[in-house]
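Read through the structures below before going on.
Shared between the two complexes below is subunit A, which has subunit B as its partner in the first and subunit C in the second.
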Partner chain A sequence: MSDMDMNRRNFLKTSVGAAAVAIAPGMMLYSVAQGKSEGASSKVRWGMLIDTNQCKPGCNDCVTACNNENGLSSETKSTDSQWIRKIEIKDISSGREISLPMMCQHCEHPPCVDVCPTNASMKRADGIVLVDKHLCIGCRYCMMACPYKARSFVHEPLHDQNPDVPRGKGTVESCTLCVHRIDVGGKPACSEACPNKAIVFGDLNDENSEIAQKVRSVASVQVRADLRLNPGVRYQGL
Partner chain B sequence: MSSSTPKLAALHFKNRLYWLLLVVGGMVAAAGMYAVHMMESQGHIITGMNNQIVWGMPHVFAIFLIVAASGVLNVASIGSVFGKAIYKARAPLASLLSIAMISGGLTVLMLDLGRPDRIIVAATNYNLTSVFAWNVLLYSGMVGLVVVYLWTMMERRMNPYNKAAGIGVFVWRFVLTTGTGLIFAFLTARQAYGSALLPPMFIVLSFAWGMAVFHLVQTSIYMWNVKEIDPSILSRKKHLLGVFVLGSLYMVATYHFTNAYFAHQQGFERFILVDGGIYPSLFWWGYFLLGNIVPLVLLYAPGIQRDRWTALAALLIILGGFALLYVFIIGGQAWPLNLFPGYEVTSTFADGQISAYSPSIYEFLLGLAGLSIAFLITTVSVRVLNFMPQDKPYIAD
Partner chain C sequence: MKLLVSLLLTLCVSLAWASEAASPKLDIGKGGQCVEDTQWMRKNHMHLLKHARDDALRRGIRDEKHSLKACIECHASTKDDSVTARADSFCVGCHKYEAVKLDCFECHSGTRKSAWLQQRNAK
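Showing the complex of A and B:
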């Protein structure tokens, strides 16, 4: 009888121990994945200043870095996602050529957020425009509304995703400004990868930041400024 | 007895034909569901849609059905709101067609979503600034309102409420088609869209398309029942259809004329109307000639008063509507966004290029499923309930 009790006790002990061992890493990972516990602050306005004079035609380092960071395929078929792309432009009257990266411009008044029926397209308090992958129903209205053609629709099943950057077949996605890096104090992969430091990232609201000082001192423009969307991405040398 | 045998045989034949129609309609709908299954499991990669042409053939079908569903109610409104007896006799059939087409159109729209399994999210998470979100209410509200309207017509005790319900439907469908036009009118950056002219244009187009659908269905029902429509009634409705076609042509012409006047829109207009390949062809041959000029000749030329010519005109107006929507929806997206005015633009993401699109069989199957759902709802309802227009021998309006 007592033998049986002992066995039962041992069994319970072992079970509880095994359960603890099984759950603990999950709990640890959960707390890691949570990142910072406080929400984004509206005192911050994240943005980028892109110096087109420093952006070399043919250089694709920012695109490659983005693809690696976010687990994109790097292919450029019409159905493949491209969160950032290089655009070569040539002034029709003068023939002047400029190369620049184009991505989600993280507008203050984003049309994608206005048109999204389910609030999946949203703007964080710190100005980053994102898609909630759990709410997106894949209607693609945001892609119709975006003036910068910044968004891609996931046309195929996905494999080997980056755990920090969840994506989903049948939903829309775009540049997140590498929000998973920003939230732990880092900066976007494209900005880090640019060999000429042409992409300056920072807080536009912090007057001591490099980006705010540069925006004050050099001439920069917003693409399609006529639409009055006040993008967080600005271009120098256009 | 011997004289009734051929009649009996004809009835048997018709009965079989009815079931055959249901089976064919059901098979088309089933093929559409197969297409949805494939799109669900493999992704939209199997369609012709891509990151440049994000709305494709399913949207052409869906928007036609939804716009026509609103326009077909004209027949009901003229009856209930303006009190014209021959239209009032047709209001139940018009209401049925409206419910049938909106059901077909919405089915296509919902099943084309990237995540149709999340459709409940569209009902639980509501963005008040989104026209799509408004339309969720407008479309479902419309079905509800038309059901009530039908009830006030078909249930004698509810007759006193018929006028009120008719006015409700009349107002609601204007708002609904405005909402459909606004989907495009609110797109600020695309040259084909972003015009306040679009909601009224869609409303007038809905008159023509809805009336054409009504005519076609009415002719079929009369033929099925071996009845002939009173020539005076046919003539009045023919003229109304003609006026609607002219009105919609005027709206489409105004839209293109205003575009052509603005220097920054001329490249786009040239593309759509002159050198854009399939789009100008569809516009001029499909929409303008076959969808407007030929039907107008069929409706107004003296000497051709037969109802089958009117039915042919209605069919051509419908096909012209599909051609126009293809040009408007697909052509409008094929023209590149103008990010850098005054610059030549190239990139890996089709910036500055005309985008290519060739619809896949799956898109057609889904679109046709929408049509077949509308067809099935109509066919079954007309068979089991009394939707046949009952004209009085003498009509005094």
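Showing the complex of A and C:
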């Protein structure tokens, strides 16, 4: 028996080696041409650090960029989808006013994923929380579970979607962290659009990335940290 | 013998003609070398798409070769850049003929990405 196992093991070893040799050159070419063919890695944790001191009240550029990128209507009727919104808050005792963008916080332990009955609400290996609209039945449990009110339901039929951002009636959707851009080495539209560079995007697990260095050196908080969801989006100056 | 051969020949020709006449005429767009054999694709494209969708969305493996966008890039009509716009468009033509509901394009764009981007930038 053990003899047979050895043979089997050796056979597998050699065949895997041969396959790797055969595939490797193709894979190399492919990854250069297409960005990432190996998929999302759990070694990466995508996140954002938002500096509220740099976020100007009244400025809506991140919201506009998001709407353009993802094909949202950019209207604010009660049934229109909203992936990112600007919030202005005021500390009554001190009178200090803060402006900040609020969107899906891409939690490490997302309650929207916990409650989903069809496994449509999901977290990718690299920490991006998404809705698999192929499986979404539109029950909206996730919308109720989300403490950040980050998700929207599509009520009306849609036309002329961005080929990179499929959206459709009867499903829940939210900020995807512009996953279609990230997968080709880009960064989210909001981060790119901010005139004051208030939104820093990057890999929280990469010690040398701008975001990781900044998180290490300046005070930042997670919104509703008491819920222990460990969001990937952090706020500075809150 | 001669009779038999001629009989077979007429049968073959008429059969070929019949199948040609019955199948829908499609606007195949640019067409050209597909990722798999044409007949195989007719039968199995949905399995490729389903596999690619789960890999792309849930695991982030964007296999461009078997992606819906890649299909559209080649097969969208050269006239209107779409696989769904007309009755003889690449996807609609066959699905109509086979009476199979086509759900993909309720969410996905049926337009060639390059053309869509051009349109958006022109706005």
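Everything below uses one rule, namely that the second predicted complex is superposed on the first by the 202 of 238 C-alpha atoms of A that agree within 3 Å, B and C clash if a C-alpha of one lies under 4 Å from a C-alpha of the other, contacts with A are read in each partner's own complex, and residues count from 1 in each chain.
FYI, contacts are C-beta pairs under 8 Å (C-beta built on N, C-alpha and C of every residue); 3 or more make two chains touch, one makes a residue touch a chain.
Please read these numbers as outputs of a predicted model, since none were measured by experiment.
Ranked by how many residues of subunit A each touches, subunit B and subunit C are led by B. Of the two partner chains placed by the overlay, only subunit B lies in contact with A:115; subunit C stays clear of it. Of the two partner chains placed by superposition, A:207 touches none, neither subunit B nor subunit C. Using the contact criterion defined above for the overlaid structures, shared-chain residue A:124 touches subunit C, although it does not reach subunit B. Of the two partner chains placed by superposition, only subunit B is touched by A:146; subunit C is not. In the superposed model, A:171 lies in contact with both subunit B and subunit C.
In the superposition on chain A, contact is made by A:161 with subunit C only, not with subunit B. Of the two partner chains placed by the overlay, only subunit B lies in contact with A:138; subunit C stays clear of it. When the two complexes are laid over each other on chain A, subunit A has residues 157, 168-169, 171 in contact with both subunit B and subunit C. For subunit A in complex with subunit B, the residues that touch the partner chain are 76-82, 85-93, 98, 102, 111, 113-120, 135-141, 143-149, 151-157, 168-172, 223-224, 227. If you check the complex, the residues on subunit A that touch subunit C are 34-40, 122, 124-126, 130, 132-134, 157-158, 160-164, 166-169, 171, 179, 183.
Within the complex formed with subunit A, the subunit B residues making contact are 40, 42-45, 50-52, 54-55, 113-116, 118-119, 121-122, 125-127, 129-133, 136, 183, 186-190, 333, 337, 339-340, 342-351, 355-356. Listed in rising order, the residues of subunit C touching subunit A in the complex are 53-55, 57-64, 69, 72, 106-109, 111-113, 116, 120.
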